[in-house]
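Shared between the two complexes below is chain A, which has chain B as its partner in the first and chain C in the second.
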Partner chain A sequence: MTESLNVTVDRRDGLAVIYTEGYINNQGGEEIARVAYKLIDEGFKVLLLNLGGTKIVNSIGISILIEIIEKMIEISGRLGFCCLTPTIEKTFHIMGLAQYAPIFSDEASAVAQLRA
Partner chain B sequence: MREVTLALPMVPEMEIEASKTATAIAEFMRMSPDRIDEVRMAVVEACINALEHSRAEDKEVYVTFEVLGEKDPEKLRITVRDTGVGFSPEELADPTMEEKLKSLRKRGWGLKIIRGLMDEVEIRSNPTGTTVVMSKLR
Partner chain C sequence: MAGTASAGPAQPWGELLALAHDETGERALLERLLELWCGAHGAASAALYLDRGESVEPVAAVGRGLLEVMSAEALREAQPGRLRLPGGWLVFSPPGSGGAGGGDPLPLLFASALKSARLRHELKEQQFQVNYRIVELEALYDVGLAVAATLDLDPLSEEVLLRAVSLLDARRGALYILEDGRYRLDSTLGGEAGHWLAADDPALAAFLAGGEAPADLLPGVRHLLGVPILFEQNPRGMLVVGDKESRRGVGPFLPGDRRTLGLFANQAAIALENARLHLRALEQERLEREMHVAAEIQRRILPKGPLEVPGFQLAGWNRPARQVGGDYYDMFHTPAGRFGLVVGDVSGKGIPAALMVSTLHSALRLMLDHTEFGPALLERLNRHILESSTPNKFITMLLAEVNPRTASLRYLNAGHNSGFLLRSRGELDELPSGGVPLGLLPGSRYLMRESVLEPADLLCLYSDGITEAESPKDEEFGNDRLIDLLRRHREAPLNDVLEAIRREVGQHTQGLPQGDDQTVVLLRRDPE
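This part shows the complex of A and B:
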């Protein structure tokens, strides 16, 4: 029954892409946060969360993503999201999250704009 | 009208079981995939609220799915009910990102998400339990 989350990272020049696959609940959110904070400690100030492999999230998981956004604001970094399902994107807009972390339809445009 | 009721024990990830039933029924109604996803997410949020906050002594959450429509399925109505301690919906502040970014408590988004994703939402709560009734047109 457990819907676990797999998280992988692609480190690029000055930017890291975090890929998720599975349900972003509290454990999933904490795993993303653990990976994001490790990347920040390594010196990455631009992070892209590619949620293409995630079809469902819950508000507890999203609240942990808000902690990451807060951290990125604190370090004057940038965090973006890409490849969201229409419902996850709509949810982020309902919450106003998109005002603080831009949403991109695909990874290539996200990388280009976050680097600009 | 067709109706299904689940009694979910309060154990982790029961909300996913409820969301699977929601998906199956919404697919039967031929709801669009995006609307099915919205229903699924709203069911997850309503169940999480009950599972996490109700403190119900029977340790169960009851989820009823009703397919409404005279001839063809027109509307899916979902009722999430618990027998917990209740709360005052009118006293809950509408969460905003601006406020949450300043606060230590980042949570508290469930009802806002449900209201944003479903067509109709009604919340009834008193010290003997909470009932969330939410509907989506096909």
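This part shows the complex of A and C:
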């Protein structure tokens, strides 16, 4: 396993899906934030973070994800997560992320509900 | 930056009070206050920053043109003007616009807002830390459950490593398992790691005790923390993490991190021990299956019942000390119209001895078909056994042949104990011991002896597992007890004689575990 994070984006008519692959740590979190803020600047107000390629998140990564959530709240946007491992999903619930950003089991249902 | 600086002639207290009552309008209230400040001081833009030591955090801003200041150093070097407030900074542009405003109450309100922001930030941070401690406890609980739920070591070692790395905010990590005196890299996260490390390396031992890390453990890592994986104080592996992260980069691990890593190492130790016991159980199960098959093969080698020869009675019995044994007996007709009986004893026990028994059985049966009974038969058999056995393996054997028409008995002994021929009148003749065991020496020579079976004579061939069976007082059953038993049951059916031998040997050993394979073959000429 690698400690680096690869981030790719799929822009879809007002909604952008951010795919991660690797460790969401300080560097990984910053990369996600950079991509998310760029999408916000482009006008996207609905973001979906697909963490299907991520097995591990540390507290720094979580704090950066919280900042992204706060930013989305600030612009009255919507952010959701999908395809989390059970461990990461449990962590997000405990850390309160799930309270402000819904968690979906798969991408299709996430896209459908975030668009609704 | 939000909003536009505009100053009204009078402070709109009503509007400000309304914003203050709105729980979600704190930022809007601050932005409105900043707008008022800009209006009062001729500034085009202004921002309020919370001082957080090495960094500053924007709280609210109005207007455009201010820098996105994130570090205290950058703030000091920034072009806009700035006003130091308790707990933070008011930054404004253009720089010359922040003229003194005697009696201006707004800075007091900003200071109060900064204090509120600091408290909110600290509360949020504390809540984050509390929640993260819960995550840590849950992680240990989950790993414990995973360890209890599976015996597959690979996913468990990865689970332990990932949890340890994430909870300690490490950038990298590795889990090693001790194998054959070396640490083998089992799981790793990020970058290179040594695949094998010498367990007796003093530098490694010192590192695991809390000392400096060996340079090549995780190349490129500046700060290492490692703990041994111990089960009952015995080393089973090593858990290593590298470079503790913060928002500012990486640094050394904290004193409490060793304890946390140790907790994960304990879970890994249990997983390793479970997996080791599971593998051992599987191996044991496989061996037992193989032993079962070997025992079945050996049962098929032994006669399925007594040989039918008019004028004679035969019976045989064998009980291995383990599932398979090194004793062998057989009864057979020869091509010359005679019949034979043999008792053999392979040195050792278990599978190796059973394999030798199989070799002996096949070779003897083949040679009997093509070789005349006599010393040459045993000499040829000796050569075969010598070539096909490992050093120090040998077989003692007493082989006898009877001509049913004349009742003449010929026999060859290859180092086996004496046979007993109990005559009908009560005398005892021995088929004497002698000869070199098969497979021991090349070129061994054997002597054939002869006798005649009289009506009602009883011949007993046996292995030393009978006569050397020991009582709890280390007393052997011995030849005398066996001979006495044969005398007492001289006229009994042969199966009853076998039963008596089993019973009396059992009484002698008083339930002690059977130390050696036990074999008896009986031959009686029918009475006239």
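Methods note: the second predicted complex is superposed on the first by the 114 of 116 C-alpha atoms of A that agree within 3 Å, B and C clash if a C-alpha of one lies under 4 Å from a C-alpha of the other, contacts with A are read in each partner's own complex, and residues count from 1 in each chain.
By definition in this document, a contact is a pair of C-beta atoms (placed from the backbone, for glycine too) under 8 Å apart; a residue touches a chain by one contact, two chains touch by 3 or more.
Being a predicted model, the structure only gives us computed values, none of them experimental.
Participant: Would chain B and chain C fit next to each other on chain A once aligned, or clash?
Facilitator: Pair status: clash.
Participant: If you stack the two complexes on chain A, which partner ends up touching A:Ser105: first (chain B), second (chain C), both, or neither?
Facilitator: A:Ser105: touches no partner chain.
Participant: See if chain A has more residues touched by chain B or by chain C, and give me that chain.
Facilitator: B
Participant: Is A:Asn6 touching anything from chain B or chain C once the two structures are fitted on A? First, second, both or neither.
Facilitator: Neither partner.
Participant: Figure out whether A:Asn58 sits in contact with chain B (first) or chain C (second), or with both, or with neither.
Facilitator: both
Participant: Which partner chains sit in contact with A:Asn25 here, chain B, chain C, both or neither? Use first/second/both/neither.
Facilitator: Once the two structures are laid over each other on A, A:Asn25 reaches both partners.
Participant: Examine A:Ile69 and indicate which partner it touches, taking first as chain B and second as chain C; both and neither are also allowed.
Facilitator: First partner only, chain B.
Participant: Based on the superposition described at the top, state which of 59-67, 77-85, 95-103 or 257-265 belonging to chain C clashes with chain B.
Facilitator: So the stretch of chain C colliding with chain B after superposition is 257-265.
Participant: What is the shared patch of chain A, the residues that chain B and chain C both contact?
Facilitator: Overlap of chain B and chain C footprints on chain A: residues 1-3, 23, 25, 55-60, 62-63, 66, 87, 90-91, 94-96.
Participant: Give every residue of chain C touching chain A within the complex, in rising order.
Facilitator: 127-128, 131-132, 134-135, 138-139, 142, 158, 162-163, 165-167, 169-172, 188-191, 245-247, 249
Participant: Residues of chain A touching chain C in their complex?
Facilitator: Interface residues on the chain A side: 1-4, 23, 25-26, 55-60, 62-63, 66, 87, 90-91, 94-96.
Participant: Name, in rising order, each residue of chain B that touches chain A in their complex.
Facilitator: That would be residues 12-13, 15-17, 19, 34, 37-38, 40-41, 44-45, 48, 95-98, 100-101, 106-110, 112-113, 116-117 of chain B.
Participant: Name, in rising order, each residue of chain A that touches chain B in their complex.
Facilitator: Contacts found on chain A: 1-3, 23, 25, 55-60, 62-64, 66-67, 69-70, 73, 85-88, 90-91, 94-97, 99-100.
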